[in-house]
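Both complexes below contain chain A, partnered by chain B and then by chain C.
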Partner chain A sequence: MQTATPSLLELQCALRASLVAHDDRGISAHVVGGEIGAGERLDIYRNTFASVLTTALRLSYPAVHRLVGAEFFERAVRVFIETSPPRSACLDDYGHEFPDFLSGFEPASSLAYLPDVARLEWSVNRALHARDAEPLDAQRLVALEEAERGRVTFALHPSASLLRMDHPADLIWRAVLDEDDATLSAIDPCAGPVWLLTERLPTGVEVRRMSESAWRFTSALCEGRPLAAALDDARDFDASVVLADHLAAGRFIDFSLNETSA
Partner chain B sequence: MDSHAAPLRTRDSIPARAGVGLRFRHHQEVLEARPAAAWFEVHTENYLGGGSAPAYLDAICRDYPVSLHGTGLSLGSAEGLDPAHLARVRELVKRIEPGLVSEHLSFSVAGGNYLADLLPLPLTEEALKIVCRNVAQVQDHLKRRILVENPSTYLQFRHSTIPEWEFLALVARRTGCGILCDVNNIYVSACNHGWRASAYLAALPTEAVAEIHLAGHTVRRIDEARTICVDDHGSRVEPEVWALYAEALARFGPVPTLIEWDTNVPPMAVLLEEAGHAAALIDEAESANGHALAA
Partner chain C sequence: MNRYVLAASTLSTAVGLALAIQASPGQAQGVKDMSKMPKVVQDNMMRMEQNKLEKCYGINKVAKNDCAEGAHSCAGQATKARDTKSFVMLPAGDCSKIQGGKTTAS
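Entry: the complex of A and B
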């Protein structure tokens, strides 16, 4: 049977289908066979594709990998890769949908805390690789008019994440990476929720707990709530101390003035 | 700050000596022990974010000539280059001013997905036009010449009409890019497709070859009767590849040469030993060149 010559775009999409979805129908007729068949040749590329991405995800999700074991992890990753292949050549950015995938991955449903551990690990990965950014100079806030200051909303440093988890994922994560089985078995996986801040410090990545009120105040400021309104919401604790700590730690990189003031 | 008008300077050009591929596990050691490598090459995509990796690279660039070797631009993609990726590469090039910038004659992006490998192209007139268009776009964007490397391949397409060595020479001639001649890749592809490695070398335009790569490979057994040669960068350079490298030096003269080792990365001392072997062959080629000139 004569096969029409594909355009480069058609051929590349066919090779994509072969690697991602294991569908060789569009490609094998165009591959020179010989002693080694087209399928065997394509397998070499398929194996590289799967093993490179499995390694990338294992590096980003080391605690998930240890919790479920190498074999289970690989099985989950194979399914994930097929549904969510990378969209960027920077593999440090690959896998942010993996926690959501795990939430719906039936074989993992008995580990209710697993998606939370994965979300925490993604925040750590982001803290490791996020772009560098200069912290906000507090003098810029001082220079504002009083009324303007009330309308300020902040931009969080790209390496920082605020997470609310139903499970104590921070304790589980730490015990797993420390291989501390005694601590791990003493953790009550239902002892949540917890409110976390992950950030990159000069000494490395840190995950720490915040009080619910400080966390809510910080989240509101970074989600567009004007400063005056956020302070107003937070009357039950000293939010200005939290704000001063964030500014001193360089957790904000910029601010804007919310149009709808308090 | 904008440098659209100004050509990007290069900090230090890469010397025609033996360098070493630098991986994360050696960052600290390079800064502390200052090993005697003539230069280092790093993978572009490992330094496009923030944090400690680019900070190490900045420090290493102060002490050594550094070359950037990319795996993600996908010069052979029919759908064109990813502008966001190209912009990130440009930022890094601006910041560290590498001695050389290189990429591959392959594609790794299709249908908007990154396929995590250097995939083979059908070597056709259409692909030649597309590769030349993409190389020209990268060179315009980076405001500098890049080098394009021959890949190792495990399959060929039926509708290819141009031999790989001719294709590479044509890309260099039409775009002005240089050639990164990976001697191990020539050996691997020649084994897999029945090409003559020496003839491949002889067909490359001497003046375009600006860098050579050397690495280890594995002969993988498929079954009793069949093997395939796999470019896994996980061992020392094989004797047959050293012999082919000597041929390359005789043809191209002394060229910056890199020892690549990406899987099971050994101690720096092993990499320097391999670089030492390459350096000795460069010296031989230099003195042979000198004799030829004196004669």
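Entry: the complex of A and C
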């Protein structure tokens, strides 16, 4: 019996249902059978789909992988794939929802620090793959009128992330990846919060701690708060030194003048 | 001090400092010192650099799409992958090495 020829879109949607939701009803009639049945043929695609995504996440989340063990990781990822299948054809973009998934994933709930470690790993992944960007030339700021200087806000380099974490995820991350068991056993997983900066420098990807006040000041400037307003909350540190460090490191790629008066 | 005056002077100081830092020797760039990064991150960075011209588009990307790497036969595992709802495992990796991070069934 001949069914109406489906459109490409219909076939793609049916194959997607088969891959993601294991629902073969729409697609199996259109699979050429033979010695190997349609279901088994689709299993090959399903298996490749799942194992490719599992490998992608294992590469993006190596510390999470080691913390929970290979078997747990693989099974957690299978559940994740069903709830968050890829929306981009780029595997490097896949998995940014994984930290949120982990924080709601009951079997991992005994590891309260795990979602923080995952968030840190995603920031490293982002630092690795972000586009290159020309740093802001500090000379351009010299040309500003005095009245304009209080209205300056900055655009953070696309490889950089500012993270605030309840747990010392940076210590856990590094010790796990360095296989440093002595440090691991000495870590107090509740010794937080920590304020982190992840970025790609010419020398490589770096994760470093900032003081809370310097972190808040930097976050405010990069979220569009003008300098004069950001300085209102800057009490116990030298803002010009922090700012100089960002500028010299090429951490900003542009500035703009906030129109609203601070 | 007026906050705009403060902001202006903070920015001027910062720019002066930044230019001084950038002008000082020891700022030689382009030398890759990746020793501070964990090995896994170094490996990922190297993969990324090797694949610079081959950005994205799903297939054939980095090591993420290597079918042969999988420990499972092509179709073998997916047929058994329907038990994801009955997930009763506990994490069983390096988490056991963290004090107070012990895995207990709750």
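A few remarks follow.
Here is the rule we go by: the second predicted complex is superposed on the first by the 258 of 262 C-alpha atoms of A that agree within 3 Å, B and C clash if a C-alpha of one lies under 4 Å from a C-alpha of the other, contacts with A are read in each partner's own complex, and residues count from 1 in each chain.
The criterion applied here is as follows: a residue touches a chain if its C-beta (ideal position, glycine included) is under 8 Å from a C-beta of that chain, and two chains touch if they have at least 3 such contacts.
Predicted model, so just to flag it, every value in this text is computed and none were measured.
By the touch criterion stated above, A:Asp92 is placed in contact with chain B and with chain C alike. Contact with chain C, but none with chain B, is seen for A:Asp232 once the two complexes are overlaid on the shared chain. Measured by the number of chain A residues touched, the leading partner among chain B and chain C is C. By the touch criterion defined above, A:Gly104 reaches neither chain B nor chain C.
Of the two partner chains placed by superposition, only chain B is touched by A:Thr5; chain C is not. Shared-chain residue A:Cys13: touches chain B; no touch with chain C. When the two structures are aligned on the shared chain, A:His129 is found in touch with chain B and with chain C. Once the two complexes are overlaid on the shared chain, A:Ile44 sits against chain B and chain C alike. Of the two partner chains, chain C is the only one that A:His22 touches; chain B does not reach it. Once chain A of one complex is fitted onto chain A of the other, the partner contacts of A:Ile172 are limited to chain C, with no touch recorded for chain B. Shared contact residues on chain A (touching chain B in one structure, chain C in the other): 40, 44, 48, 52, 56, 88-93, 128-129.
Interface residues of chain C facing chain A in the complex, by the touch rule stated above, are 3-19, 21-22, 27, 29-34, 36-42, 44-45, 48, 55-58, 61-67, 69-70, 72, 74-79, 81-82, 84, 87-95, 97-104, 106.
Interface residues of chain B, counted against chain A in their complex, comprise 45, 48-54, 71-74, 76-79, 82, 84-85, 88, 107-117, 119, 121-122, 124, 126-127, 130, 154-159, 222, 225-226, 228, 230. The touching residues of chain A, when paired with chain B in their complex, are 5-9, 11-13, 15-16, 19-20, 29-32, 35-36, 38, 40-42, 44-45, 48-49, 52-53, 56, 85-94, 127-133, 158-159, 200.
Listing the residues of chain A that touch chain C in their complex gives 22, 40, 43-44, 46-48, 50-52, 55-56, 59, 62-63, 65-73, 75-76, 78-79, 82, 88-93, 107-111, 113-114, 124-125, 128-129, 138-139, 141-142, 144, 146-147, 149-150, 152, 172-174, 176-178, 181, 184-190, 202-206, 226-228, 231-232, 239-241, 243-245, 247-248, 262.
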